[in-house]
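For clarity, chains are labelled A, B, C and D in written order, and residue numbers in each chain start from 1.
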Amino acid sequence: MALDKNGIAQRIAQELKDGYYVNLGIGIPTLVANYIPDGMEVTLQSENGLLGIGPFPEKGKADPDLINAGKQTVTATSGASFFDSALSFAMIRGGHIDLTVLGAFEVSEKGDIASWKIPGKLVKGMGGAMDLVASAKNIIVATTHTNRKGESKLLRKCTLPLTGVACVKRIVTDLAVLDIVEEGFKLIERAPGVTVEEIKNATEGFLFIDGDIPEMNI
Amino acid sequence: MNKIVKNAEEAIIGVSNGMTLMLGGFGLCGIPENSLKALAESGIKDLVCISNNAGIDDFGLGVLLRDRQLKKMIASYVGENKEFERQFLSGELEVELNPQGTLAERIRAGGAGIPAFFVPAGYGTEVAQGKEVREFNGKMHLLETALTADFAFVKAKYGDYSGNLIYNNTANNFNNMMASAGKITIAEVEELVPTGELDPNQIHTPGIFVQRIFKGTGYEKRIEFETVR
Amino acid sequence: MNKIVKNAEEAIIGVSNGMTLMLGGFGLCGIPENSLKALAESGIKDLVCISNNAGIDDFGLGVLLRDRQLKKMIASYVGENKEFERQFLSGELEVELNPQGTLAERIRAGGAGIPAFFVPAGYGTEVAQGKEVREFNGKMHLLETALTADFAFVKAKYGDYSGNLIYNNTANNFNNMMASAGKITIAEVEELVPTGELDPNQIHTPGIFVQRIFKGTGYEKRIEFETVR
Amino acid sequence: MALDKNGIAQRIAQELKDGYYVNLGIGIPTLVANYIPDGMEVTLQSENGLLGIGPFPEKGKADPDLINAGKQTVTATSGASFFDSALSFAMIRGGHIDLTVLGAFEVSEKGDIASWKIPGKLVKGMGGAMDLVASAKNIIVATTHTNRKGESKLLRKCTLPLTGVACVKRIVTDLAVLDIVEEGFKLIERAPGVTVEEIKNATEGFLFIDGDIPEMNI
């Protein structure tokens, strides 16, 4: 069965390692924070100037001077630090973030990503997404495999304006885990109960299948 | 040398039609509320505003937008604002969108006397249009240029009579760099203390960058998305 | 994730012949004394050292110099050191002199993922040799490139278990940028406190930049020119 | 009579204005700090990371963590701030320093300056001098008019390796105050008792004399 948003987040959390500094985008990526294994030290960076995002505040305790990049009120962990946007993006651009997780409208088999603009619709701006995808050491896209119309989001070529080129390393969808390799989308894992055939049908780009594909362990 | 001005009305003296302004803040966090109000009341127009965001419809930069005081916005994310959308789509408002880190660095560069620098962000996207591309260490980069402003407006938690500033939590964001990039920088602070009361090791923005300072009043500090446990 | 190491000997594990190192400090102020001593005792050689200065004959980087551990120095001012003079004039030591602000900015750029940038310093001088020249705003500029290091050694007054650092007075100098530009950054601190004890608004170097940290001992903090009223 | 070092410093102090941020080089420039008029607020910047240099410390109170760019122990004024070298040179390069005063081996009539290297002698390095001369809004050179051999330091062209080109605005020597103008060295003031003829003889570059030249008022 296809995963829900939380399932995708849960699977992505398996990519975390002790000591990682991680930037989580808005939407599904934010949910990854809920699945950090106990005892593992993962520090979350917020590009508006916070290293060490804590849980949302208790009711009545929201601090207007303490928000995340999605403009939600948050708290800071013990050991957090605050800084200006130039230093925040120095961390990002300088490759100091171990893992970036973000959403996407489309991903191409070359690892291109489109995530910020749909022609004809309102342009909101790219925010920090272009900086993140251009510089992160490891980029995982968290997305549904198809859009609301049932069309694949994993394409031969992106049709929408790009956020970055040849940058995505891994994609975790409701149906599968896939890596970008020379051949295209390499199928790594299937969601529990989802068949390779179903994944093939939902993938417009070239799906590279090498041997038996295990089910996700979630 | 007195840098202290009485209030926002006095602080904005000299701002005139067609000028380029920088406005600190991320969303509504850390915005110079008093200065924005004074600018809105001034009726000054044709402004080019450099700000990460554009406020909301009835608060922050959104008010200047509503009253058609802006000619152009240089920003990275302008959602959360219907009037912005209308003016943008109708062509009344010119908009230049920058990757957020590039915007931050362009402002820092403006303050630091670095006219141009290379970054990877935006390569292969529409942001790259018209920009010089160069490869470094096997990776493609764009040449980006510095930004400065006639006036920069910033907001800090603490300030002293010499213009030294200390920000609070994530309300620092774009304020620190913008303070360095204004020909005239105006700081509004929640607490204005005599020179010597701030720890010299804790100053975020040294006073050299600040030409006018005042204690702001009536801070609303609106929250865009109050999220609780 | 434990960043704490026992001492300088444990901290320098992995440093090997021929590597590029950054060493914080200005003159003898804010130098990583413990790490420098351990490097001197290690006998590791053919090092490329990026440091604003070269220490004095019997202290700081001067000791590594004396023991012929350095192949090349990238610095801005190397007076105050007779052995440096001898090795430089005899050609044993390769030296690349940079304007001090350019050196500082190249290191910051290394940490911030900016491969190259333009500055006016050095235009029309021998520093400009072989560098791209370009005019911006009617003024000539040189293209300068980023510096990074295999290991960066910095010294702070306070540090916590997560690697957050706070410097004291003018002992910050090159330490803050160098912390960001090392593939592995080693911080030695006068006081090492549990995570959570430092004010998050006062951190100079966020822990993300620091891979190893230890409490230094026996700081001499020599003064080069004691000047009194 | 030719001025001594303190006289040169005293004359330069007349260039200060209330609210100025000033960087003073090593040597004669440092002495300018002793002549800041009472009640005038002038903030001294030290490029190693201090805005607000105070007097030298009292005996026994020197702090090894608090030095100036000449590596001398200093104090910090009330209202001072400390920062890293990148921000320090951001102040300098960004044109935030109102006045830079530095010494020189040679100055040319075009405003070029040589101050850091004498071929054949030990190279110590340029330190922050190249950054300062390339970016300061206003640069005053403090120097003796001639060197120890009696040769002019105000030349048609510099013979030593340059620190910067076309950057010096004003020169204050033991004999005169001169501005760099299109024609060359424009004589502005004479040291008390020094004749135009003496200045002419001590100046190798083109000396531009326009009308009567007043004596310095010191």
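Assume a contact is a pair of C-beta atoms (placed from the backbone, for glycine too) under 8 Å apart; a residue touches a chain by one contact, two chains touch by 3 or more.
All values reported here derive from a predicted model rather than from experimental measurement.
J.: Any chance you could name the chains that touch chain A and chain B both?
T.: C
J.: What whole-number Å value describes the gap between the mean CA coordinates of chain A and chain D?
T.: It comes to 55 Å between the two C-alpha centres.
J.: How many angstrom lie between the centres of chain B and chain D, each centre taken as the mean Cα position?
T.: 36
J.: If you average the Cα atoms of chain C and of chain D to get two centres, how far apart are those centres in Å?
T.: Centres of chain C and chain D (C-alpha means) sit 29 Å apart.
J.: Quick check on chain A: which residues sit in contact with 2+ other chains?
T.: 76, 82-83, 86, 89, 92-93, 135, in rising order.
J.: Going by the touch rule set out above, which residues of chain B reach two or more other chains?
T.: If we look for residues of chain B contacting two or more partner chains, we find 105, 108, 112-114, 119-120, 167-169, 200-201.
J.: Between which chains does touch occur?
T.: Chains touch in the following pairs: A-B, A-C, B-C, B-D, C-D.
J.: Which residues of chain D touch chain B in their complex?
T.: Result: residues 18-19, 21, 41, 43, 45, 51-52, 76, 78-83, 86-87, 89-97, 135 of chain D touch chain B.
J.: Considering only the defined contacts, which chain B positions touch chain C in the complex?
T.: Interface residues on the chain B side: 105, 109, 112-120, 134, 136-137, 141, 145, 166-169, 200-202.
J.: Which of the residues in chain C end up touching chain D in this complex?
T.: 26-30, 52, 75-80, 85, 88-89, 95, 97, 99-105, 107-108, 119-127, 157, 167-177, 204, 221-229
J.: For a test of understanding, state which residues of chain A touch chain B in their complex under the given definition.
T.: 46-50, 55-68, 70-74, 76, 82-86, 88-89, 92-93, 112, 122-131, 134-135, 161-166
J.: Which residues, counting only chain C, touch chain A once they are in their complex?
T.: Spelled out, the residues of chain C in touch with chain A are 1, 108, 110-114, 160-162, 164, 180, 195-196, 200-201, 203, 206-209.
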